[in-house]
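Same chain, two partners: chain A is paired with chain B first, then with chain C.
And then the complex of A and B:
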């Protein structure tokens, strides 16, 4: 089992190192989430209040995650690296877990910029809202890296990914918005935890079938 | 195993007979609803269609699971056909639901109707299934990716339903409650006959479509063999 986790760590480290060298994804995500927040300032009428802003924060987060997920499997697509990984003597689900952790690291980095910016520009965020963001990020990355692998195998990669991902992300948005606006955020946080557990197990079990020929 | 199944023409005949019986029961046997009048009778169509759509999605996921489990190629087409039928019935659910909402409440769409919103999410999800499927090269990998996505669909159904219930708390602070008509015997009978008719109809359509698709595949294979 320790072998499994060292495989996962090696795969995640590879993605982070690639990003440090090429800087393909993270700067784009940071710039995108900030631009979206500015666009939202102009999209919201001035009397619409904080409630609407919380909703739009979630739109910004989901689309920023989509931007990162769209590039998640690009390094593996080039020069048949994915075939090599599939043939490597490690459990295939380790590839998925490594990719999920790497995308989670990018998303958390983007959120580390987006949440303070949101608090500064729009409305304050309490602890429950931040916990909601953390739990939803896990769900976004586990499901997202699986459907991104599906989309990467298809012809219309960039077009297909949002179509596959958004219906699956609707429960996450419900839980996330609920945890930031509801008076009783516990229910929504528990729901997000449930979502993470169900879809993480499903993705973990299913990944092998997505990448093998 | 195929030959043990009852023949399609026989099933089709039973489905037609049951549909006729359902129409008679819905309009002549079941009593008129005191609150909603004639418009309540769409209930006998709308709810069975929705349940049939769930059954189709469930069948699609079951065939997908069989495909991943046994690697039997034929389950791919069966899973796809079941989901295709489910999507057709899902679209009909949205349509009949909108008509019922218009007749009862005067609007075409109500976000407080959990089932309708769930069907909208599922409809989007399964439309994406077709986009995904037709954007992959035919072969073992397409079969498996489609199967995994179909399995995600049945996991999404309860999770989304829970989410939509939870969302009502902050989108609609007062939960809309519709007093379900207390069904008496003849109403329940009409409902059951209508449901049986639609289930059988869906199954016949599934078998016919499957038959067509199999013939298509066989013809293509034959043509390729003859030309090469």
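And then the complex of A and C:
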């Protein structure tokens, strides 16, 4: 088991190193989420209230994640590196978990900028809303890394990724918005936790079939 | 499968949609044998090699490979490494995944042997095609595989690099099972124990 987690750590570290060197993903995510929030700030009528703003926060977060997921497997496609990983004797789910952790790190970094910007432009976020963002981010990255790998293996991944990912992200948006606006956020947080657990197990088990013919 | 038989294909087929690239291919290879795969462009050489290493699944027939995944070394058309990492970082990553013992020493020895030591800290994206091929050979040999599957190993190499490949194959033949797809079968005629000729 320690071998499995050392493989996951090596693969996630590789993704962080690639990003530090190429700076392909994180700057784009940061610019996108900030510019989206600024546009929403001017687009939303002043009498709309906070509830509409919380909804727009989730639109910004989901599409920011989509931007990151669209680039997640690009380094593996260049020079056939994914084949190199698939041939290695490590458990193939370690490839998925390493990618999910790296994608989560990028998304959390984008959220660390987006949430204060949201509080500044729209409304304050309480602890339940932040917990909702944290739980939804885990779900976004686990299921997103799997469907991004499926999309990357097909032609027209720019079209296929949103088609696969957005329907699967709807429960996360429901849970995330619910944890921000509901009087009983615990139910929504529990729902997000359940989603994370179920989809993490499904993605972990399914990844082998995504990367092999 | 007898213990010494490493590879056995029986009526192997591969189709991509309606296009059939391999049809009824049968052969077997024992430990220590060297097979040369020949054929025109599009005859299915690369498809056959991807089947042998498990990167593709047969559409029909049977294929048995006695070597486990971690004991196979595959050299493909692409180097199967990361462009934004250096040669050293790439080999270190794959060395970890393959659980290579004395990893640093093994990596250093391979980089020296294939003339990449001085370029070990350069990003692979800055490498020439020939240097990438040399790095791909280092990655293929990193874990000292029992079964080597090489797709046109001389591609993009200069005379010195091609001679290095020939010398490496001569050293390994007899000890390892080797399958090489090539357009230059005469280069390997002294080593080949079997020829698999593919037709369109």
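Keep this in mind: the second predicted complex is superposed on the first by the 213 of 213 C-alpha atoms of A that agree within 3 Å, B and C clash if a C-alpha of one lies under 4 Å from a C-alpha of the other, contacts with A are read in each partner's own complex, and residues count from 1 in each chain.
Note that a residue touches a chain if its C-beta (ideal position, glycine included) is under 8 Å from a C-beta of that chain, and two chains touch if they have at least 3 such contacts.
Fair warning: this is a prediction, and the values are worked out from it, not measured in the lab.
Touch criterion met: A:212 reaches chain B and chain C at once. Judged by the touch definition given at the top, the superposed model places A:75 against chain C, while chain B stays out of reach.
Of the two partner chains placed by the overlay, only chain C lies in contact with A:14; chain B stays clear of it. Contact comparison for chain A: of chain B and chain C, B touches the greater number of residues. By the touch criterion stated above, A:154 is placed in contact with chain B alone, chain C being left untouched.
When both complexes are overlaid on chain A, the residue A:50 reaches neither chain B nor chain C. Contact with neither chain B nor chain C is seen for A:126 once the two complexes are overlaid on the shared chain.
By the touch criterion defined above, A:83 lies against chain C but remains apart from chain B after alignment on the C-alpha atoms of chain A. Put simply, chain A uses residues 212-213 to touch chain B in one complex and chain C in the other.
Within the complex, the chain A residues that touch chain B are 146-147, 150-151, 153-156, 159-160, 163-164, 166-168, 170-171, 174-175, 177-178, 181-182, 187-188, 191, 194-195, 198-199, 202, 206, 209-210, 212-213. Listing the residues of chain B that touch chain A in their complex gives 68, 121-122, 124-125, 127-128, 131-132, 135-137, 140-141, 144-145, 147-149, 151-152, 155-156, 159-160, 162-164, 166-167, 169-170. Chain C makes touch with chain A in their complex at residues 53-57, 68-70, 72, 74, 76-85, 89, 93-94, 96-99, 123-124, 132, 139. Every residue of chain A that touches chain C in the complex is listed here, in rising order: 3, 6-7, 10-11, 14, 17-18, 21-22, 75, 78-81, 83-90, 212-213.
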